[in-house]
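Note sheet for the following structure.
Order of writing sets the labels: A, B, C and D. Residues in every chain begin at 1.
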């Protein structure tokens, strides 16, 4: 950690800062430049709050050298984390499993029809929302518990593991038979929820917040891992920018950056990233090419009757055509 | 609601869309242009999901004419909402009450010292965090229940109403004696929490998410009001942009825009907006000038020992100097 | 074009608007809803200034249905534009030519060494800056005219067509023997420069501004095409967002969006997009997968001695390794 | 300047870096931490290109301690720069002069009518565009030279100094009798233009680019001052963010930040910042409260017939009402 001091630092204020720093197990080096004085802290500085140091009057700026995350950091865990599901599907082993399904579970007929279709096309996991975060209180909020039951029915009939979103700590028990619990973008910094999920042994699909930095995403994963759950999967699903031609902007660079900084797998959601069905295929291919560990794609048996997100869903027929190309591209890149 | 159709719309697909629209209580007008066909929906369209319409293949784009919010809309409630607290303080009546206090409650001595100091300077409410949302799981997470107790002690001793943040539905009972419950920026779209707060009768200070649009902020307030709680106060606290000279960018325009679109009061948090103590005064004065209904400012008795956000806190002495100017400016603008 | 009127529109103000609209060759349809009145304009509306209409007091909002660009619009030119250079290289025909070279031309030795190396690796065009836009007036500003001469020398020796940036109208004559003239991101809306380039017959590589929308990029290309020059190539090179892990954020979605809206080719610059050498390969592969018509990559014979942008340049050896993979991926995707 | 090295730095690579650094007149301090090695450079480092250092393989990150600008830096010029115009108006002396006028000069009648009206209301400078940067090549491009002549006529009749935008180096001679030359947001990094303006003795109003950081704005001013022209005035006119309720987001914090970092005056353009006439007054008052050195406001005698930007222009009557309040607020804040 590097601390740049203000030019007018008095001896007295300096002494206060030095006393403050003495509480930590770090060595302090000091240089005096022609215009600035700089302190360098050496040791295990990730427990030190950079802001607290910045509160000292004599401090002009503080820069971390060490990353503020530890358990998610590849430096301390050089090998890729590989997560294995009940049916043997692995995430993080170099393969590119495809998760597909509707935005919301709407009926038994719907979820079974979609589940069977996507399985036939090559998807190996089923997604579907039972509890839905909607911008409007007047919009369909999901089938709730009934939706979870329908997902479990679909799992039983097709053998596909299921991925579905949690929105509230008190629902955790309901998710006992869910294979992967999704934390939505709006809850990426719902720290109370993250802490509780840290006590489970189940894989967590952690979606990046719409305006969360990659470092903040890593820190949210650190919350889960700090609690003891090391099965975290990142999901990049588009960030908010000034561009309006797409709903969000897929940050494709997040794939290589996350994989460099962390050992955890990275999955891409091209459906939410763009909000445009015709972009699902090019963005999925790009994600595979850039090193993604999986894809999560919205498929609805009748998008125009969908109760949510219909505008960005693919039909099973469209998905089938795309899926073939994704599998071919995976073979090419991961051979 | 205006629906622009694609140029190659077949009669069959058109009929499907028209049938879909027939389920709503709206009249559909149609024009055929040289290049486009446009449908205009007349009636109570705010229950219609624009996305669901966009899912029809024949649809090129959908534009709302009516706002998607109703209870927070000034059109249906032309007068300002005025919220009155126990001690008679009003929010939304043209005055500019000042809420001040530390980021985190740290000890009885600290909170009492700050509470008395800010009261002497002219603040009329006390803020302080008991449950703290921190980016890092290794950072101080607040004194939790004990912090709430200390706030109540300070309230008892000084008579100042208290404002503090909630992070979890199961904590609601603990907030019984809190005067204003704050929903933090990271929870602005924690819809499960908003729904529960909608069942209370207590004022809710709803902070704008770091990358939430003004319309999304209005929709989150609509969640609370839809549940029956009409005491919502907006809080603009800076948005995330590309600029790095300040921690966030204060969206000063949000004041006149929110007050034009809604009847609810708008409070500004200059401490979080900039993250720089020297900017608190100019941003506060600017907020008063632009029509704000209140200010919430971080003050710590010893910022350099603060357990969180010390770098942006004012000392009681600094606050006292600024407070005088804020009160003078309020008299000038609200005379 | 759709015009939503305010609720309190008086007959008199309405008449003023209708008179204003009568100057254009459009038909005006009108609906009166329960809450709003809407006008629909049918005809050739792209010459109408939406803002001028918005200036009428009675107008609440204006929405275009037609795009504001014509010559770059795929609707009026369904086939891809293919640009053929002197040496037979085509851009826009489904191939993925690779342009490579240093940020700045620094010496004859440097540019020849790089040119020969990249040619041997498979690049088919040479890039290099003679006139350099630098944030600081104290930074190296390029070798200027001498730099252009060195590029022409390199072209002569290697047969590689050259791509280099123009910064000033009065320099146009100097670019006579340049194969593709680059307009940098900072000049994307230097309309005076665009107008002059519209009078040439030479291909123009138009880089997207750091915070320019896709529609603005299309409009800047329209400036060049409106002048008579139909050889425009788009270049996406990263946009400015809140993320700081990469210098900019590559907007990979811009590839399919631009190719859907326009017939012009789209090239990607992964070097500037990320500012990190290790990201050049994954972002290039992603671009090929998403449908890019070419790549432009920074290569320097000795990056650590580069006078500009060394930090993001590849060595010829690194480039050679990557180039092989890019060519293989191109064969896979464009077979 | 602080250089953090990678953990696996070999002696050989280190020696290369040290040799590179030896060319500069700086002293290099070195610390070896448990995990990182850090170099601190002491001396006049603003001539060192941080990127060039970043190009060395052994370098992990580079942080400047000194600012990269010198002539615009308040550290080396503690007093405010005050610019005095022909008619005695001062900018930067604590007053808040108001510049007003139409977006575009359209006719003699129009510009005279507006000039006389704004003068009567209390404005002390006239703005008006002769050369107009328009997104569309089909939009009105300004009256060009004729527009400049009309501005000079208005200046002669009213005595108001004039402010107008330049778009091209070759037009500089035409601006001989213009009092303040404006550089538009789109040309803030048109470095060739900035260099030429640096050779004049005339005040330059430098508008911040839509997505330019404050540091970049300071560097663009440094270009002008480096050429010898020390009469630079900053203009904040809104930045591009994700928010769509306003055309841009006024960065009100830019006022105190720019005034802290630089000695140059700062003017605010509330018309372009919001794009909404009803926001001009609150944003102008906020700007005065935050310390602005002036305002530039769009006023048109008949906004609904304006050839550009009518939607955001005030009528002379509206301006007159607002102007009174701005003058009162100035008296209050600058007494």
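In this section, a contact is a pair of C-beta atoms (placed from the backbone, for glycine too) under 8 Å apart; a residue touches a chain by one contact, two chains touch by 3 or more.
The shown structure was predicted, so the numbers you read here are calculated from the model rather than taken from an experiment.
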Most remote chain w.r.t. Chain C, using mean C-alpha positions, is B
Which of A-B and A-C has more C-beta contact pairs = A-B
Rounded Å distance between chain A and chain D, as computed from the means of their C-alpha atoms | 39
When the C-alpha atoms of chain A and chain B are each averaged to a single point, how far apart are the two points in Å?
-> 26
So, in whole Å, the Cα centroid of chain A is separated from that of chain C by 31
Multi-partner residues of chain A (each touching 2 or more other chains) | 211, 240-242, 244
Seen from chain C, its contact residues with chain A in the complex are 211, 213-215, 239, 241-246, 249-257, 260, 273-274, 278-279, 282-283, 285-291, 329, 332-333
Per the touch rule above, chain B residues touching chain C in the complex are 2, 4, 29, 31, 33-36, 38, 40, 42-44, 61, 63, 65-66, 211, 240-242, 244
Residues of chain C touching chain D in the complex = 16-17, 20, 46-47, 49, 51-52, 54-57, 68-69, 133-140, 167-170, 186-187, 189-192, 195, 209-211, 216, 219, 222-223, 226-227, 240, 303-313
